[in-house]
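Look for subunit A in each of the two complexes below; its partner is subunit B in the first and subunit C in the second.
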Partner chain A sequence: MMKAGVQNKLYYLLPVLSVLTLMIVWVILAAQDGSLIPTPYETLSRFLGIMANPISQATLPLHVWVSLRRVLLAFVAAILLGVSLGVMFGWNETFNSFIYPIFELLRPIPPIAWIPLVILWFGIGEFPKIFIVFIGSFMPIVLNTHSGITSIDPLLIKAGQALGANRTQLLFHVALPATIPAILAGIKTALSSGWMCVIAAEMIVAKQGVGFLIVRGQESGDTALIVTCMLVIGIVNAMISFTLTRLEGVLCPWQFGKTK
Partner chain B sequence: MAVWENKIELRDVSKTFYTKQSDVEVLKDDSLNVRENEFLVLLGPGQCGKTVLLNIIAGLEQESGGSITFTGGRPKMGDLGIVFQKYALYPWKTVMSNVEMGPQMKGIDQSTRRKNAQKYIDLVGLTNFEKSYPQQLSGGMKQRVGIARAYATESDIMLMDEPFGALDAQTRYSMQEEILKIWEKRKRTVIFVTNNLEEAVYLGDRIILLGGKPTSVKKEYVPDIPRPRKYTDTAFLALRNEIADNTDLSL
Partner chain C sequence: MKNVDQKKIRSLFLSIVGLIIFFGFWEFAVRTGLVSGRSLSAPSDVVQTFIAKLTQSKPDGATVWQHFLTSFQLALSGFTLAVIIGVPLGLFMGYFKGMDLFMTPIFEIVRPIPPIAWIPIVILVLGIDMRAKMFIIFVSAFVPCVINSYLGIKLTSKTLINVARTFGASNWQIFTKVCIPSSLNMVFAGVRTSLGASWSTLVAAEMLASTRGLGYMIQMGRQLIRPDIIIVGMLTIGCTGAFLAYLLGLLEKKVAPWRYK
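Showing the complex of A and B:
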C-alpha cells in the first residue's frame, strides 16, 4: 500500500497537472499554421482590451451586467410563480389534476424553441429576452417544488396533525420548510438554465450582453473575443452556483449539522 | 389498592382496511379500559395492528365498528400527546421549536409557550440543547425531544407507539428507566405500545397482550413487582415466561 502522505500529495498534484496539460494542448493547437484558435496570450490581451475599450458602447463588465440583469429579473418572477404553482400542484389535488397535464405538455419544449414566437409577439426589446429566461427557469422550479412537496414523509404530516395543526399551519410549518431543499435544488438548475437561455436569446437579437458579444466575435472573425466570452460565461455560471450553494447553507442550516 | 377511574373505554373496536384486492380485518371486537394515570402497555407482535389501535385512539384513524369513550369527551386534535417510533421531529426546527410546536399551533403566545416548553425540556434532561437541531442529537436524545413535545401539549393522555423501537439495546434500557422517572414526576395516562416482552414487564402497571389475526385482546397481566424492577428478578422472569408461553411474539 502507498503511504497515506504520499497519496494525499498526489491528489493535490494531479488537478494542477491536469489543468497544466490543458494549457499545453491549447498552446500547441493555437501554434499550428492557419489555426483558428487564439493563443492564451491573445485571449488574455483581448480580455484586457474589452475591459477598457467599449464594444457597442459597453465594456465587458457592462455586457455581463446587462445579461445578468435579464436573468435576475426573470428569475425573481420565476421563483415567485414557480414555487407557488409547484406548491399548489402538490397541495391541491383538484388543481393538480386539472392544470398539471397542460404543464406536462408544455414542459418538454426547450425554452430556446420559444424564441421565434416570443420575438414575433413581443418584438426585440428587453421583455422578450427576460421572457425566454423566465420560461427556461420557471420549469425546473415548478418541477422540483412539486416533487419536493409530494415526497414529504407522511409521518411528519401526521405528527403535525397530532399536534393540532390545521391545513394552513401544516403548509407553512411542515410542508413548505420540508420542501425548501428541493426548491433550492430547482433554483440551482433554473439559474444555470436561465443563464444559458439569456446567452441564446442575446445571440439571436440584442445590442448588448455577453451573447451579443460572442456573436460579434463570430461576425468579425475575432476568435479571441469568442473564447474570452466563453470563458466569462463559464466563470459567471460557476460563481452563480457557488453563491447558491452558500445560500443553501444559510437557508437550511439543519442540513449541515453544526451550528453554534 | 386505590379505586381506579377509567379514562378511556374501548368497546368492541374493529377496523377493516378496504383495498382493491381484498378487505383486511386488522382489529376485531377489542375492548379495554384505560385507567387514569396508569402506565398501560399494549404488547403484541409486529404487524399485529397495535399501531392501528393507537391511531384510532389518537383520532388519526377512524374505527370501522365499536366505540371509544373518553371521560370528559374526546380530546381535540392537538390535545393528545403522541410519541412516534421514528421520532417524527422536524429537522428544520430546533429542539425548542419542536417542543413548543403544539402550543404554537393553538396560538399560545411565544413567552408563555417557551416557558412551558423549557420546563419539559428540563424534565427530559435536554437542558442546554434548546438550540440544537435534531440531526445533531443521538437517537435517545431525539426521542427525549419527542417525549418533551408530547408533554408540552399539556395533554393528560400520552400515546407512545414503540417509542424505543429504533434505539440500540443500551440506550433502550436507559430510556425505559428514564420514561418511568419522567412519568413518576409528572403523572399522565400512558398507553405504551411495544413488541418487546421485557420492556412490557419492566414498564407496565398493566399489560394487555394482543394477538391473533385479526388482532384481539388475549389476556391482561398486572405485574405485582415493585419498581424499579430488575430484569433478573425471579418474579420478573416468572411473569416474563408466563406471558411468553401465551404469546405468538416469535412469528
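Showing the complex of A and C:
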C-alpha cells in the first residue's frame, strides 16, 4: 500500500520531468558552439519583437489572421460542396458510378502537388491559395461523408420507411443526422490538412501569412523567427482541433466521449 | 442473381462513360482553345510528354525515372525509419504507464506542428542534402505511427486482458500475446496514414529545396510554364502513392487477416 502511494506520486512527477527534459534538450542544442538553433530566450524575445514591429507590413497577429482567413474561406466552400457531393455519392447509385471513378483518379494526388498547376492557372493572388486549401480540405470531407452515409444502420432506414417516410424525408430526417459524426470527423481531418496546405502554399509564394513569415526567416537566416513561427503554427493547430472537439460535443452529444 | 449482375454491368458501363466524358471534355477544351495551352495540356500531350520524359532529361535535368527513384528512395527510407521507431514507441507508451506519462507531454507539444513547418529550420541546420529531407519525412511519418499504436493498445478489450490474467499470463505475455495482436489493425491504419503523409511531405520538401525528385520536377514545370510536365509529375506522384497504399493493404491482409473475415 505504502509503496503504491510513493509510486503514484512519482507518476505525478513524470509529466513535469518530461517537459523539463524537452526544455533542457533544447537549451543544450542551442548552447553548442556555432549552433543555429536559437535559445528559448531568444525565441521569446523574437516573438515579442514581431508582435510590435511589423514584417512585410504586418505584425504576427495579422499574419496569423491572413492565413486563417484563407483557410476559413476555403473551408466554407469545402464543407458546402464536399458534404453535398458526399451525400450524392452515397445516396444516388447512378451518380456514384458515373462520377466516383473520376474522383478516385484525382484523390491520390497530394494537395501540395497541385500548387504548381494552380499557380499557372490563377497566378499568385489570393484565390490560388484559397483554392489549394479547398482541394486539401474537400477530399477528406467527401470521403467521410460518403463512407458515413453508406454505413448507416439499415434498421434506421427501414424504420423510417415503415413509418411512411418518402426518400427526401429519409435523407433529411434519418440519413443526414446519422451521418453527422462522420462528417465532423471529416471536418476535423480537413481543417488540419487545410492548415498544412495554407502553410505550404504560402511558403512557395506569398507576401503575407505565417507560411511566408517562416520562409522569410529561412532566407534571412533568422532562426529565432523560424522557431517562433513553428510554435505559433502548432498552437493555432492545437486550438483549431480543441474547438472542433468542443463543437462535436455540442452537435452530436450522443457520440461525445465514444470516439477520440 | 441476374439482377445483381445487371446492376454491376450498368455501374461499370456508367463508370467508363464518366471517365470517357471527363477525358474527352479535357482534350476538347484544350484543343479548341477554350483553355489556354499555357495553363493546361491535353491528355494526349501528357501521354506524349510522359513517354518522351522516360528517356529524355531535358528540360528539367533528369528523366521521370531518375526523379521517381530519388523521391521513392527518400520517402521509403524516412518512412521505414519512422515505422521502426514509432510503432514500438507507441506500443510501449500505450502499455507502460511510466512511458505514457513521460513521453505523452513531449509528444503533445511537438505533434501540432505540421511537418512542413519543420522544413526551413531543418534546411538551415542540416543543409539541403539527403539527411535533411529524410529527417522531415521521418517527422511526418512518425506522428501517426505513434498515435495509432498507442490508441491500439489503449483500446484493447479489458475482457481479453482479464481472461489472459486469469489463465496466469505475465504482464509481458499479456503485452505481446494479447495487446499487440489486438492493436494491429490500428497500427496498420497509422502506418497507412504515415505513408500518405510522408509521400506528400516529400513533395513539399522537394518543391522548396531540391535539385532532383518529382516535387522538383513539377516546380520546374511551373517555372518553365510546361503544364504537361507538371501533370506528368502529379500523375506519377498520385499513382505511386496509390500503389504503395495498395501494397500496404496486401501486407495487412497477410499479417492481420481477421479484419477481412
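Definition applied: the second predicted complex is superposed on the first by the 243 of 260 C-alpha atoms of A that agree within 3 Å, B and C clash if a C-alpha of one lies under 4 Å from a C-alpha of the other, contacts with A are read in each partner's own complex, and residues count from 1 in each chain.
The rule is simple: contacts are C-beta pairs under 8 Å (C-beta built on N, C-alpha and C of every residue); 3 or more make two chains touch, one makes a residue touch a chain.
This is a predicted model, so every value here is computed, not measured.
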Partner chain in contact with A:196 - subunit B first, subunit C second, else both or neither: second
Which of subunit B and subunit C A:161 touches, first, second, both or neither: first
Partner chain in contact with A:74 - subunit B first, subunit C second, else both or neither: neither
Which of subunit B and subunit C A:174 touches, first, second, both or neither: first
Partner chain(s) touched by A:58 [first = subunit B, second = subunit C, both, neither]: neither
Subunit B versus subunit C as contact partner of A:184, first or second or both or neither: neither
First (subunit B), second (subunit C), both or neither touched by A:142: neither
More subunit A residues in contact [subunit B versus subunit C]: C
Doubly contacted residues of subunit A, that is, touched by subunit B and again by subunit C: 260
Complex contacts: residues of subunit C adjacent to subunit A: 10-12, 14-15, 17-19, 22, 38-40, 97-98, 101-106, 109-121, 123-125, 151, 196, 199-200, 203-204, 207-208, 215, 218-219, 221-222, 225, 227, 230-231, 233-235, 237-239, 241-242, 245
Residue ranges of subunit A in contact with subunit C within the complex: 11, 14-15, 17-19, 21-22, 36-37, 93-94, 96-102, 105-117, 119-121, 192, 195-196, 199-200, 203-204, 214-215, 217-218, 221, 223, 226-227, 229-231, 233-235, 237-238, 241, 260
Touching residues (chain side subunit A, partner subunit B) in the complex: 155-156, 158-166, 169, 173-174, 177-178, 180, 252-255, 257-260
Residues of subunit B touching subunit A in the complex: 58, 60, 76-80, 82, 84, 86, 88, 90-93, 101-102, 104-106, 131, 133-136, 149, 153
